Every structure is written in structure tokens, then in C-alpha cells.
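First chain written, first letter: the chains are A, B, C, D and E, and each begins at residue 1.
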Amino acid sequence: MEYVNPLTGFRIDGRRPNELRQIKGELGVVANADGSALFEMGNTRVIVAVYGPREVQNKSQQNNNQALVRCEYSMANFSTGDRTRRQKGDRRSTEISLVIRQTMEASILTHLMPRSQIDIFVQVLQADGGTRSACINAATLALADAGIPMRDIVTSCTAGYLCSTPLLDLNYVEDSAGGPDVTVGILSKMDKVTLLQMDAKLPMDIFENVMQLAIEGCKAIANYIREVLLENTKQLESRRGG
Amino acid sequence: MATSARGGGEGEAAAGGGGGGGAAAEMEVEAYRRLFPVAYFERHLRESVRLDARPLASPRDTSVALGLVGSADGSALVKFGDTTMVAAIKLEVMTPPAESSDEGSVAVEFYMPPICSPTVRPGRSAEVAPVISKQLSDVIMSSGMINLKDLCLINGKASWIAYLDIYCLNADGSLFDAALVSTVAAFTHLEIPLVSVSDDGRVVTVPGELEGKTKLPLVNKDKRKLMLNNVPFSLTCGLHKEHILVDPTAEEESIIETFVTVVLDTLGRVVSVYKPGGSVLAYTSILKECITLAKRRAQQLRNILNESVSAMEVDKSS
Amino acid sequence: MRDLQPSLNQTQRVRLQSALRQLHSLPSSSSSSPLSSVAVADPIQVNHDDNILKGHGTLDCDGEVVATLCGVVERVNKLVYVRALRARYKPEVGDIIVGRVIEIAPKRWRLEINFSQVAVLMLSSMNLPDGIQRRRTAVDELNMRSIFEENDVICAEVRGFQHDGSLHLQARSQKYGKLERGQLLTVPAYLVKRRKQHFHHLEQYGVDLIIGCNGFIWVGEHVEAGENVGMLVEDQKKTSTAEEESWSFTPLETRKHICRIANAVRLLSALGFTLTVEAIVDTAEASLASNIEINDMLGAEFFVQTAEREVQRRASMVRKKG
Amino acid sequence: MATTPMTYSPSQGAERRQKQQQMRRMSQELDWKRSDGRSFHQCRPACLQTGATNAASGSAYAEFGATKVIVSVFGPRESKKAMMYSDIGRLNCNVSFTTFATPIRGQGSDNKEYSAMLHKALEGAVILESFPKTTVDVFALVLESGGGDLPVIISCASLALADAGIMMYDLVSSVSVSCFGKNIVIDPTAEEEACQDGSLMIACMPARNEVTQLTLTGQWSTAKTNEAMELCMDACSKLASIMRSCLKKSANLSS
Amino acid sequence: MVGLSEGEKHFIRGGIAQDLRSDGRKRLQFRSISVETGVIPQANGSARVRLGATDVIASIKAELGKPSILRPDKGKVSIFVDCSPTAAPMFEGRGGEELSNDLSVALQRCLLGGTSGAGAGIDLSSLIIVDGKVCWDLYIDGLVISSDGNLLDALAAAIKVALSNTGIPKVSVLGASSDEQPDVDVSDEEFLQFDTSGVPVIVTLTKVGRHYIVDATSEEESQMSSAISVSVNRRGQICGLTKRGGAGLDPSVVLDMISVANSVSQQLITVLDSEIAAAEASEE
């Protein structure tokens, strides 16, 4: 299958190889949460709700030096192309929950909120490739919305390598093509990679190209997220008034 | 743990010695029984009497009723005192595996639903349930009670699988013995439905009223009842100090030091002896005595089962 | 309060947007300019020679000061900090707060106050019903539930952090204590400004309004300080017949006022306007003046009108100053 | 059995379909005969018995036609679940089916829907204040599913609760009706339920004339709803008097 | 769980008795309802419905399947509801399971009619492609994103809107041999609109004291003595009913509640109709 048109250089959905899908972030989508956000990357659409920092619910997990960060990832039954009824806590969601938690924990200043708990609930509405990236981006927005102090803006993006071309931000079709794909998460300001997942062999030089592409994607997303946050902050402040 | 709050009533009068005690005395006996169960129990044993006033070598009242469950192909209800078992068999069709193309099979499962005991809660099965499942399945196979070839329908194409499910409705000791009797009784009661093969190769039942009318070939016209060859019966004996108590109740099981379960077939041959760990070593002499007791019990159970069969036939004909 | 998102028609949407744009362009009365808004990880300009003190919401990152929160950069002398907007409540000593009892522990009540931990109200930090100052006895401890029980709404003052890091409250005044016969609203804490007065008796309505610094706002029937309403509700619990209960209900007139004030709070919070007693009363009055039904205060038209009125109010304030 | 082969029941499919279609055709007529010979508004004979299992604090066995249910009540006993401070007790209900309860062999697992429905039918009748901080467990096992399972479970459970000495405002009895075209048929069998146009089930406390649970499926006009409710309420009070005499009998026996 | 003090509970009960609820609503008044369609583009139909802080999504997916042996002339519909932990931390893990099951069962009862298929809000016969061989399996999934009471009514409304927004691909049957599974061709261009005229709405009446209210918030729900959910279609017929636990009710009260729910439901249907029209207009 041709994932990149050899003549025009365009991908199946009409993007250039180094082009992100349409991204959209929206704050405050869940009424009762401390912070919440919707994030879309093309057709991939996730909601994150953050509860806390609040009293630790299970006292045995309380840490007197830092906040306890928890994450639960769930997929809506209708989130994938073929409808599947999934059990909660299957292996895949446990794994993604862990990845999101660890990635966000690297940025949250947990030592400022000792003996408290922060819950990050991730709900995938539509999965069309790059779900874990979308979840991380949404979680960053939601945590910022909840006013939880963070070291940096964490963003994530994928890149792959198909038809001898490095491709940014794979959609489901490209993702399931079986080529190598890299999920990268970065702390944007510090320019540090905090998450790197790859599941295929790739020569070193190509790998570097693909990873660099993903990092560029992360940075573009970080800029967007910063804008969303700043715009929201200005809006809140000007509404609040003197 | 397994003190049955209610079963107590009758035992006390005989045991307490006083007999004529009023409510206050009864309370005292009850308190003593709860606080010092072993001492209370052993004081009984010295008088050669048990908590429920039985002699040591007497099993509880035993009853068997066949055909309780209409939705099953064979079923039975068995009671040993308060221990109650319902066993039911449902026949389904399977393609036999190549290595035993002319045989059917039997799948046994023993359940302890939460209604049977205060210690069982929904969602978590009792830990003894799978153990008893395994023992039952082993005994059915090793006794040769059922000739699996009798369960064949069409060689290599179709044979019966008999799903035998036993539910313990009330757990008051000697569960394996009662479950085994219910197993035997359910197989005795089993009526194999008349079947034929439909156009698409599936085996389908022929309803009674259509017998003789259907164009499809009948597969098992003369194999409607299962021949049981070596019917196994078992007896569990509790060994406590020098005493042997047959058919222990749950309360006794919680006190008694160890048990021996003996399974005998129709010819009085030992099919299996089962003794879980425990402090007392079962000497050969004791074991022999247990076997003697088991033989007597097996005969008794055989009679009860036969009576239930004829009772059912009477029922049917009337 | 994000639960209120009225569906606006085309005109209303345009009007709202224009109002919000005007709010944005109006010079803020506080010292901070809109330019000083930051998002997470934004650098904060400082002159390093000034020996600045890095406060809340800032972090040193390779010699650069960056924000760890979204908010507004504030500078007080040498202190630079980020004032967060949406966030949980940050307690300060002396804050008046409204909270809910979630647990009764030995010698203390534990309260939910929209902070990262539960707050503690010790039995000893509390005036006893008999009003006598004395040592707390074991009997008092057993009777704690007769003072406050689970789920009770309480008004108290922040006493401070204990050495173990827990937040303590005190309620040693007649004005503090259990709140009954009314409703509790929760708004983002940043919409409440610290002021001298957080208790408001709106005499014209017969309503008490308590604007807790933690964003918990109580609107209820007016009660004279020290009057023991607790007993009233206690009695009702015993006499449970519907008829008897109905006698003790809040009078309809007062209830109307309570609901109107409460909806004013809901509306202002949904618009993200600061919740001062003046703004709340103004909004309620405006709804009365234009004959808006209580529930319609949450509707689209009044939503937009309130935004427009706020523009006028702030514009006139700027004119006065100028 | 480590690996259970793919198996099927020979009575599945065509034959059952035929039966159902036959039933369906018949029920479209204004007048038809119920397979067990009952009239439309006649309930199956109810056989009730308390003290079916003595491992429990109370228990009851119910047999309505082919439907056979056994219910045990345990407690009040210490709650297994960690609970918040509470003045009232907790009622915990669980309904399960045996593997052989239905014509096709089932999994014999818990039935969450029925468990929830049983709880709702009983919670309005049990005086939870009478056992604060503790739990009463109501466990039902359906030995054979012959239609009207849930109403039988509910009635049987309330009998078991009474047998266990749990305080209740009244006994709860429950009856369902099926609707076929214009006809309303009381206490349906499993066959009838399989092709009904609608159903209505009531659980009530007849002495207090209060409905504790009511469910309805299919399309009903108001008039028909009234008629069905009246039928059910009437049958419920008759059933309750049978339940009452059953309790009296066992009380006499034990004294 | 909503924890309220005795004082607040008393205030809520008083408001209901005086027909002035805490947010100023009357007893039989809904919160303002907002509707958005096509929120899940990958589904055949979808809708998001908000009632105050209650926020739910319904999605309709159609997949080709085989009719059941017992009903060869009908398609199959299944309904599942999930309560997302985003709505409340207590739904975390298996915490939302009980409520999800409850809601699923209540929706099935209210939308799917009797076992014969009569009285179903969705015409199951319209889902059949080849008798006994091929049919549409309709999967209706509800997701609770934010919860502030009255989830069932919101979900049923979302399902109704989603169904009206559902396009089912046109199918042509290619092979027509009698006993084998026929080949079918599913069109990606032509879609058939669904007949949703019979789809009912659900109105839950919550009884507090002597009165009943509609569209209760979680705080109000915590004060319920009992509640009845009635599903009613456009013609005013009852299509399903569930009593939601709580104390016993006098049968005459039940009948009165049914008739109140019936009249409220007609208003709700009108509101939904106009919201559907508005949502469709804005989507285009």
C-alpha cells in the first residue's frame, strides 16, 4: 500500500510528511472536576479530568513529602472503528495509564503538595492513532487548568517511517501499517525528552531523523498548548477584573 | 467457625446430663458449647454419644429424591441430615476427539453457592469446591461406573457430553459423600433424549409426540438409559482420639482431628481412600474398621437409592 | 462554575463576545497589566541585580525565572510571584472559610474546604454550646456529634499550619459555627477576594451571605449571631411527620430571596466575575428590576445582560478614576 | 475438565423456534389455551416453605410451577465492606442461577440485573434502622427457571427475611403479568415470557397497600396499565396471605 | 455520593414543598437542555446532551450480523452505558459498574419493548437485510462524562437525538443462493435515515416528601424517597417503566406519577425536536 504518494509526496489524508493533523484544545469541559480539557488530533479525541490536589483517599498510600499522582485510562466502547466492549483494567489500558502517570509525574512539582492526591482520569472518545500522545497533551492542559504547579509543559507526538519517508503524527491507518513508530514526550521549555517508545527495528540514522521529526511535532504542539493556556489565563483575568 | 446455631436444640438435652433444665440451664450449656467446643465434644464422646445425639457409628437420616429439576435430563436431591445436594445432568452434543472417536465424556463441577454456608460470599467460591469437583471426577472415572462408549452417538461425528453440576444447598459436613450419592442418583435418573440428525448435520432432539412421525433417522432409539456398572459409594469417618465417628456434621468437622474417606464399588472393592493431613495417623486397624463401616453404609445407600427409584416409578404410573 | 453554559442565539453570542472584548481592553484597576499574564514554563523578566525573591508559582531554571502556573505575575518590592487563577484554595491565616465536616476523629472534626488536604478543627478551638470557657472533658468528646456531625456546613477561621503540616481552623466566636436553613454554593476560589468583611446580613432580604475565602459561599436565612438554630433542626429530625416539618420550612418570601441571591452567585461565577457582595446584590436587584424570574436568571438573555452591565460598571469606574 | 470442547444442546434452534412461533400465532388470537391449562387470570399454585437451609439465619424455598427458587438470609452480621459511619444497616442482595436452570446450559453466574432489582424491591420494606452498622445478606439461587423468576425470587426472599427475624414493615409479595395483544395473562411461564408483547411486574406490601417495585416493558395504554396493576395487586395480596400462613405454620411447628 | 447536612436537606425539601427549588425551578421544570449532534464522527450517529452539569454522550454503531435463530426477521439492538471516572472519582476502577448496569438495564427496558419485539422504540424489522441470514446489529453506547443527577433521562434523550442523527449505509445483496451466507455490498455513499418517530423519551419523577420533581440534581436525588422512570413515546403511550428503589408507594400515587410523567414527556419531546432541528442546522 502506498502511504505516501510518490508523485505528489502527499499522504493518504492529504498531509505532507512533516505535517501535524488539525489540533484543538479546549479547557473546562467537565463541570465538576478541578481541571479538565478536551484535546483533538485529527479524529483522535480525548477528555481528561483532573481531581485534586485533594486529601489522600487511601491513607496507606499517603506520602508526607510529595503528592500522590494517579491515572486511569479508559476507552469508550465506541472509540474504535470496530465496536468492542472492553473490560476495564485490561493490560493495554494499565500500561497506558502507567505511561501517562509517569510522564506527567515528571513535570508536576509534587513536593509542593505533600500528603495530597492528584487523580488524572483519561477518557478516550475516539481513537484514530496517537491516542497516548493526545492523552498526554490533554493531561497537560487539564493539570494546568486545575492550577497544579508544573516544571514545564509536557507534550507528546508520534512519528513513523513508511515508504522510506519519516512521517509525523500517524493516524490509525498509518499506525497499523506495521512500520516503525516512535512516541516521544518532551518537556518543551527544557528541551528534554521524558518519554520515548518505539516498537520496531530502525537503523540509527533513520531513527534519529524520525525522532527529531517527532520532537518538532511536540514543540509545535507545545506552542499551541501555551497559546491556549495563555489565552485562557488572559480571559480569566480580564473577566475577573480588578 | 461452623457452629450451626440452630442444629443445637436437640443435642443439648441429651448431652447436658441434666435433661430437665429450664431456659437458664439451656443457656449455660449453649455458652459452654460455644466457649469450649472441644471439651464439650469430648465429654460427649466419653459417653459414646454425639452432639446431635447419634451413636458414633450411625450416619444421619438420608434421603434421595429423583427428578427434581425439570430443565435437566437427569437430576436428584440428596440429604444427609441437613447437608443438601442437588445434582443435575444436562446432555449436550460434541464432536469427539480423534483419539477417542467412539466415546463421550463427563464434565463434573461442584458448586458451593453463598446460600449454603455463612462462610461463602458471592464472587468468591469456597476453597473446598474445586477439591471436591476433582475428587468426584476422579472417582467417576476410576470406578468405571460409566462406560464412555455408551455416550457415543455417531462414531467420530457426534457423542454426548454429560454436564454434571452439583450444587450444595446446605453445607453441614460430609459434603463429598453426599455429592457422590447425588451424582450416582442423577445418573440413575438420567433419561437420554431421542435424537436424530438434521439436514445440516446437527443432532436435534425428537419430541415425544413426533416419535415415529419424523422422516429423519433416529440415532439412539435403544440407548435411552445409561447402564451403571460399578456404582461407587463413600463414607467419611472422623477420627478423634480413639473414636471413629461416621458421617460427621460441619460442627464435628471443625473439631475432629482427622478424617478418612473410603470409596467402595458395588463389589466392595476399594476405589479410593482419601485422608487429608492431620495429626492422627490412621493405623491399619482403624483403616480396616473404616472400610467395614463403609461397606455397611454402601449397602444402606444402595437400598435408599433403589427405594427412590421405585418411588419415582410408582409416582409416574399413578 | 462550569455547569452553567446557556445556549446563546446568534445575536446573544455576538453581544457577549463584544462585552468580553471590552472587558479585555479596559485597563484593569489593579496594578498588573494584562501583559503580565503567563502560562506554565513562561519566562518571567527580572533584573537579577535586584536580589529578587522568587515566590509562589516560580522556579529557577538555568538561571532564568519561569512560571510553574498559569496566572498573573505580581511584584511586591523584591518579591516576584505568580498569582494563580483557577486552582484549589490557598489558605492564609485569618481567612474566613466555609467548610463541610467529612469525618469526626478523636477530639477533632475534619473538614473539606477545597484545599489540598482536609482541614482540622480541634474540639479545643471551638466554643462549647454552654459558652463557658473550660477544659474539654471526655464527655465533651463523646458529645462532639451533637455539636457538628458528618456533612454539616460550618463557618470558621484559618488558624494556621501545625508543625506536622496539617491545616488548623478555629471557631472561637459567636459568629462562627454551624450553618443551616440555606444552600451552599462552590465557586473557584480565585473569584473571592480577601476583604475585611465576609459575613453579610442583607437586611432588605432577611438573608445571610457568607463569602468564604475558599470559594464556598453560603446563602441562607438570616440568623442573629449566637442564636441557637442548631436546636431547631435537631427538633425537626425527631418530629418527622410531613405536616409538622412543613411548618418549619423557610418562608416562601425569604426563600425567593435566597434563591435569587444564589442564582446571582451562580451567574457571576459562570461569567468569571469577582464575587463581591456588591456585585451579587446588584445582579439580584437588576433581575428584580427587569422582572426576571429566578430561574431565568440562569438563562441566556440575562447572562449576556449581566456581562454588558459589568462592562458599564467598570467603564464608569475607570472614568471616575481618570 | 481442562479443555471443554465446543458443545451444543440438541434441543436448541429449530424446534424451539417452531414452538415459539406456534405460541406466538396462538397468542395473537383473542382466545387461546395456556399450555398448563390455566385461565388467563389464574396464577400457578404456589408452594412455599421456610427453613429450607439451616446454615442461614433464615431461608425459604418457593416452587411456582416449574420455577424453583431457594433464598437464604444471613445476618445481621458485620459488614465485609468498609463503611462510612451510618445509622442504618445495609441490605446486600445477590441472585444467581444454577447452570441447569435454563433450557440451554448456562454459566451459572451471578445475575447483576436481578440482584439490583431484588434489592430495590426489598429496600422499601426492610427496616434498615433496626440493624445499624451491620449487613443483612440475601442470597437467592434459582434452581429452575420456569418463568416469573424475579417475582418468585422477591416473594421468596421476603419470606426468608421474615424467617430470619429481620424487621420489615410488611411482607413483600410480587407478581408479574404478560401482555399479548389485547390479553393480559398473569404469572406467565417461561414459554409465554419468551414471546410476550410486554410485561408488568409489581412487588408490593399488601397490608400497607404500597408498591415497592414496579417495572414495565412494551407499549401500554393507561387503561391497560391500570387493569394490569389491579390484577397484580390483587394477586399479590392473595400470595401474601399464602406466605403469611406458611410463616404461621412454621411458627407453630417450632413452638 | 452527595453528603448534605440536615439543614441543607431540610432547605431542599422545603423548596420542593413550596414549588421553588434551590436554583429557582418549579417542580416540573427541566434544567435548560443543550444538544450537539455528530460528536463522534466515526460512529453512524452520535449526540451529546447536557442538562446543567450532567453531560452524556450517546453513540450508535451499526455492524453487519446474523439474526438470532429465534427471531429471523429482526435485527438486534444492544444498549450499554459506561460511567466515566471523569464524571466522579468514585467511578474509578469498577466503582461505576453498578450504576452503569442499572442504567443499561433501565434503558433496555424502556427502549426495546417486549420479548416479542412489540412496542420497541426502534423498529427491529427495519434492521433486517436478508431474512435469517444478514441483519444490522445496532450498538447503542452511552457514556456519562459529567454527572449531576438525572442521568437516565439525559441518556435516553441523547440516544433519541443520536438515532435521529444516524445514517445506516445502504446495502445491496449480491449472491442470493438460498442456504449459504449471501454476499452483501455496503455502500459508503448512500445512507438511509432512521425512522425515529417511535423512539420514546424517559421522564424520571423523583418523589421528595409528598411531591414529585423532574430532572433532579444529585443533591435533590439524595433526598428522594422513591423515584419512577417512565418512557413515553410521541403518542403518549407508555413504553417502559422502572421504579428506582426507595420506599413503597400507594398504587394511586404510582398512577398519578405516570400521568404526570406522561404530560411532562410531551413537553420534553417538543424541546428535543427543536433542539435536534437547531443542532442539525448548526452542523451543516
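Throughout what follows, a contact is a pair of C-beta atoms (placed from the backbone, for glycine too) under 8 Å apart; a residue touches a chain by one contact, two chains touch by 3 or more.
Each chain and its UniProt protein: A = Exosome complex component RRP41 homolog isoform X1; B = Ribosomal RNA-processing protein 43; C = Exosome complex component RRP4 homolog; D = Exosome complex component Rrp41; E = Ribosomal RNA-processing protein 42.
All values reported here derive from a predicted model rather than from experimental measurement.
K.L.:
Treat touching chains as neighbours and tell me the shortest step distance from subunit B to subunit E.
P.N.:
Counted as steps through touching chains, the separation is 2.
K.L.:
By mean C-alpha position, what chain is farthest away from subunit E?
P.N.:
If we average the C-alpha coordinates per chain, B ends up farthest from subunit E.
K.L.:
Using only alpha carbons, which chain's centroid is the nearest to the whole structure's centroid?
P.N.:
E
K.L.:
Using C-alpha centres only, name the chain that sits farthest from subunit C.
P.N.:
Result for max centroid distance from subunit C is chain B.
K.L.:
Counting C-beta pairs in contact, which comes out ahead: A-E or A-C?
P.N.:
A-C
K.L.:
How many angstrom lie between the centres of subunit A and subunit B, each centre taken as the mean Cα position?
P.N.:
59
K.L.:
Taking the mean of the C-alpha atoms as each chain's centre, how many Å separate subunit B from subunit C?
P.N.:
Chain centroid spacing, subunit B to subunit C, equals 69 Å.
K.L.:
Let me have the rounded angstrom distance from the C-alpha centre of subunit D over to the C-alpha centre of subunit E, please.
P.N.:
For subunit D versus subunit E, the centre distance works out to 27 Å.
K.L.:
Centroid from C-alpha atoms only, then distance subunit C to subunit D, rounded to Å. What do you get?
P.N.:
Each chain's C-alpha centroid was found; their separation is 51 Å.
K.L.:
For subunit B, what residues touch not just one other chain but two or more?
P.N.:
Subunit B, residues with two or more chain partners: not present.
K.L.:
For subunit A, which residues are shared contacts with two or more other chains?
P.N.:
Residues 30-32 of subunit A touch two or more partner chains.
K.L.:
Give me the residue numbers in subunit C that touch at least two other chains, ranges are fine.
P.N.:
Answer for subunit C, listing residues that touch two or more other chains: 2-3, 150.
K.L.:
Along subunit B, where are the residues that touch subunit D in the complex?
P.N.:
4-7, 68-72, 75, 82, 84, 86, 88-95, 97, 105, 107-109, 111, 113-118, 121-123, 137, 161, 163, 165, 167, 169-172, 193, 195, 198, 202-205, 207, 250
K.L.:
Which of the residues in subunit D come into contact with subunit B in the complex?
P.N.:
Per the touch definition, subunit D meets subunit B at residues 1, 4-11, 13-15, 52-57, 59, 66, 68, 70-72, 74, 77, 80, 94, 96, 98-103, 105, 108, 110, 137, 139-141, 143-146.
K.L.:
Which part of subunit E faces subunit C closely enough to touch in the complex?
P.N.:
Per the touch definition, subunit E meets subunit C at residues 3-8, 10-15, 17-18, 20-26, 29, 32, 34, 50, 52-53, 146, 148, 209-210.
K.L.:
What does subunit D use to touch subunit E in their complex?
P.N.:
The contact residues of subunit D facing subunit E are 12-14, 16-17, 20, 24, 112-113, 116, 119-120, 123-125, 169, 179, 193-200, 204-205, 208-222, 225-226, 229, 233.
K.L.:
What residues on subunit E touch subunit D, complex-wise?
P.N.:
Residues in contact with subunit D: 69-70, 72, 98, 101-102, 105, 109-110, 112-116, 118-119, 226, 228, 233, 237-251, 254-255, 258-259, 262.
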